[in-house]
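Two complexes are shown next, each including subunit A; its partner changes from subunit B in the first to subunit C in the second.
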Partner chain A sequence: MGYTLNFNLIWRHFDKLWGGLLLSLELAVISIAIGIVIGLLLAVWYVSAGRAVRTVIAAYVEFIRNVPLILLVYLVFYGLPTVVDIAYSAQTSFIATLSLYSGAYLVEVFRSGLEAVPRGQLDAGKAIGLTPWQRLVHVRLPTMLRITLPALSNTFLSLFKDTSVASVISVPELTYGAQWINFNTFRIVEVYLVVTAMYLLTGYALLYALRLVERRFRAAH
Partner chain B sequence: MSIAPPANLALLDISDVSKSFGSVEVLRSVSLQVTRGEVVTVIGPSGSGKTTLLRCVNFLESYDSGSIRIDGKEVGFRDTGTRQRRSERDLAKMRAETGMVFQSFNLFPHLTAAGNIMLGLRKVRGKSSTEARAIAEHWLGRVGLAHKADSLPAELSGGQQQRVGIARAVAMEPKILLLDEITSALDPELVGEVLEVVRSLAEDGMTMVMVTHEMAFARDASSRIVFMADGGVSAAGPPAEILGTEIDNERLRSFLARFRASHF
Partner chain C sequence: MLGQIAYALPFLAQGFAVTLWVSLLVVVLSLVAGVMMGVGLVYGPAPLRWAVRIFSDTIRGIPILVLIFFVYYGLPAVGIHLESFWAAVLALTLFKTAQVIEYLRGAVGSIPKGQSEAAMAIGLTFRQRLAYVIFPQAFRRFLPPWINGVTDAVKGSALVSLLGITDLMHAINQVIGRTYEAMPLYILGAVIYFVVNYALSLASRRLERRFSFIRE
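Now for the complex of A and B:
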């Protein structure tokens, strides 16, 4: 028995995939933006706080890192609204989840970046009379950013792939689009071939663009 | 009736300062007065507490007892007489009164040579960007780097970086300049250009305390040399006396003998 590849049905519904890809990118961008804010705030807090705060932040990081993303997605979308009285769309719920998820990874990235800033630079900042806040903003963060940029790119790239998990709560991103086409046309091989290619090409393009940004940053600094 | 002399002649008054790291006593009741315009060089074997002493002067290190005053004001602790640490904001203000140049330069890697100098001028001294730039260019000219204003530290040689480090410190118009082994990390051929800058600052009357292993420079440029050993001041006096052969101090003699043996 022969299976003949037929992509016609895929192209007919390509708008589902294209729209899905754009939504995947949107989910990744919004989540990493919120994740960066979470990560930065907690990392700065972590390096300057006492043991109690550190323990709480570490607990958050370890919890997120040790629970599969798909479970977190279920917990936030199905679990949370049954416990507390809130309502949100699947998309909002997923963005919240992915933000908390990337935030936890970025706390670690930023924390180690902050700790990698050479002591001497901080001494130099003190010696010219900068206040702790000025030392953070003008000395520590710029150097930390330079150190952490590659890790930040990698985190963004894996977040982009992780957006596929949103399909389990019917957020119409790329993987969900693929499932939809599969259910309606049964062209399973074709659709997943096309979607794989789309993830791959987008991922490559992102990586390339981010490496360019990194290089520019390094040159400018 | 006589006119009382100023209560505090010394610009820098280190009095009876002691400090331990754990069970190791790194400073043992060190006292040292530096008057305006003086260049005091601190020499001594490694581990004798020279760098720690210098870092206590701008409170990069705290100390366990004694007092350090600049222009009569306690550096790290509140004026109330209790040993209560100043607030971070106050400490920042006090530190702006001293300048420090580091062994490993410690330039801010993301800022240009001019940017390194301008940061403190803008954020601490409140200068406008134009003013700060003008001051930065003036000092870069003084250290012979006018053409490097827009270079990043990574694009500069060690000697050039250290001259930027000096410019960054003096541009703040500190009352006193602290130099911590500023030529130790440099290739020998780059030492001269840095010392030349220090010499010209000394001629301008800048008050300086420096830790160095450059004995020839210490002899020529200092008004006084302090020899530290085991965390205490073991000998102090004019260069000719301290580096001379007449000195009656066994530790200093053996230090100098070892030093000469390894350097000539």
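Now for the complex of A and C:
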């Protein structure tokens, strides 16, 4: 059976996709920023804490990493308000979920980076009389960052793609826009071709930018 | 509340069986397709290498959800009619295949070139080199990440609920629709997914440790 591609309707509704892409990026940036804070704090705490704290942090990380994101999204948006007295928009709810989700992945990335910092560097820091705080900020974290940058880039990219799950609670991001056009115009193949291209271009542009940062960082040290 | 959930358990168990069935199909099909395409990527002629590279980078560059919708809504539009179950399996298999290709490339790439050259020097054919020299060694590198990656198939399978397939995720939502016990049921669902995936990631870690004695 023949299928004739016709992109006219896609361009007519392109604002749905363009606005969706911007919202996807916004969701990703905010969630990743919060996730970085969670990840850094917990990772630094983890490597210096006793057994009990480690177990709790590990439990958080393992739980989030082993449950589908869509279930977490439902749980926070539909489940949580039934037991605690809070009300939030779908968008806020998704940002909260993706932040906790990215936090768990980033703890893992940062923790393995911190543990890979050579012992000699810390001893050297101690030898020149740096305080523990100075050793953390000037020795441990910069070295850790350099070690983890490649893994970090990949995690960012996959979190950007994960924003598509927000469509299941009707957050009008890119995948939601695609579905809207799918159901309202039936130019199905066209809309998913365009959306695929948009995700690919954005994703690989992001990755390229992060690789540039990596290279610069490596040269600086 | 507990009574209602207990009443729904057989229904949830059926959904869970569908989740496992989808995951199993996806894992097996993607293993076969991924290993073949991975070998094509490492040893194939340039056009084949390019084709596999573009396939893998495209699939890995888009969200699974977009892939699922593309396959589910797109195939009938071009005249290919698949049951929603098989459309979902196909989409998830494409996603997993791209992963398997990369695991295989990484595992085979970690085998020193000398191994291949030595095998060539004693006159082994290409198939013999793969079967007796490269694969047995690459297997140890391939297995731990691959098992860990099975969790991605199980987690990804929760998205098929959006196509109206009654997997565990969809079963949970349906029971919530009738009972309004959202929180206990989502937590129950999370625990079930967690147990399956955590067991897989523990197995992966254990194997990795077991194989770690092997030196380069």
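Annotations
Note that in this section the second predicted complex is superposed on the first by the 220 of 221 C-alpha atoms of A that agree within 3 Å, B and C clash if a C-alpha of one lies under 4 Å from a C-alpha of the other, contacts with A are read in each partner's own complex, and residues count from 1 in each chain.
Assume a residue touches a chain if its C-beta (ideal position, glycine included) is under 8 Å from a C-beta of that chain, and two chains touch if they have at least 3 such contacts.
Everything quoted here is computed from the prediction, not taken from an experiment.
In the superposed model, A:Ala124 makes contact with subunit B only, not with subunit C.
Of the two partner chains placed around the shared chain by superposition, subunit C is the only one that A:Ser167 touches, whereas subunit B remains out of contact. In the superposed pair of complexes, A:Thr175 makes contact with subunit C only, with no contact to subunit B. Of the two partner chains, subunit C is the only one that A:Leu69 touches; subunit B does not reach it. Here subunit B and subunit C are compared by how many residues of subunit A each touches, and C touches more.
In the superposition on chain A, contact is made by A:Gln134 with subunit B only, not with subunit C.
Touch criterion met: A:Thr143 reaches subunit B, while subunit C stays clear of it. Applying the stated touch rule to the two superposed structures, the subunit B and subunit C interfaces on subunit A have no residue in common.
For subunit B in complex with subunit A, the touching residues are 58, 60, 88-89, 92-93, 95-100, 102, 104-110, 119-120, 123-124, 152, 168-169, 172.
Within the complex formed with subunit B, the residues of subunit A that make contact are 118, 120-121, 123-132, 134, 138-139, 142-143, 146, 221.
Subunit A meets subunit C in the complex at residues 1, 3, 62-63, 65-72, 74-75, 78-80, 82-83, 161-165, 167-168, 175, 178-179, 182, 186, 188-189, 192, 195-196, 199-200, 203-204. Those residues of subunit C that touch subunit A in the shared complex are 58, 61-66, 69-70, 73-74, 77-79, 151, 154-159, 161-162, 169, 172-173, 176, 180, 182-183, 186-187, 189-190, 193-194, 197-198, 201.
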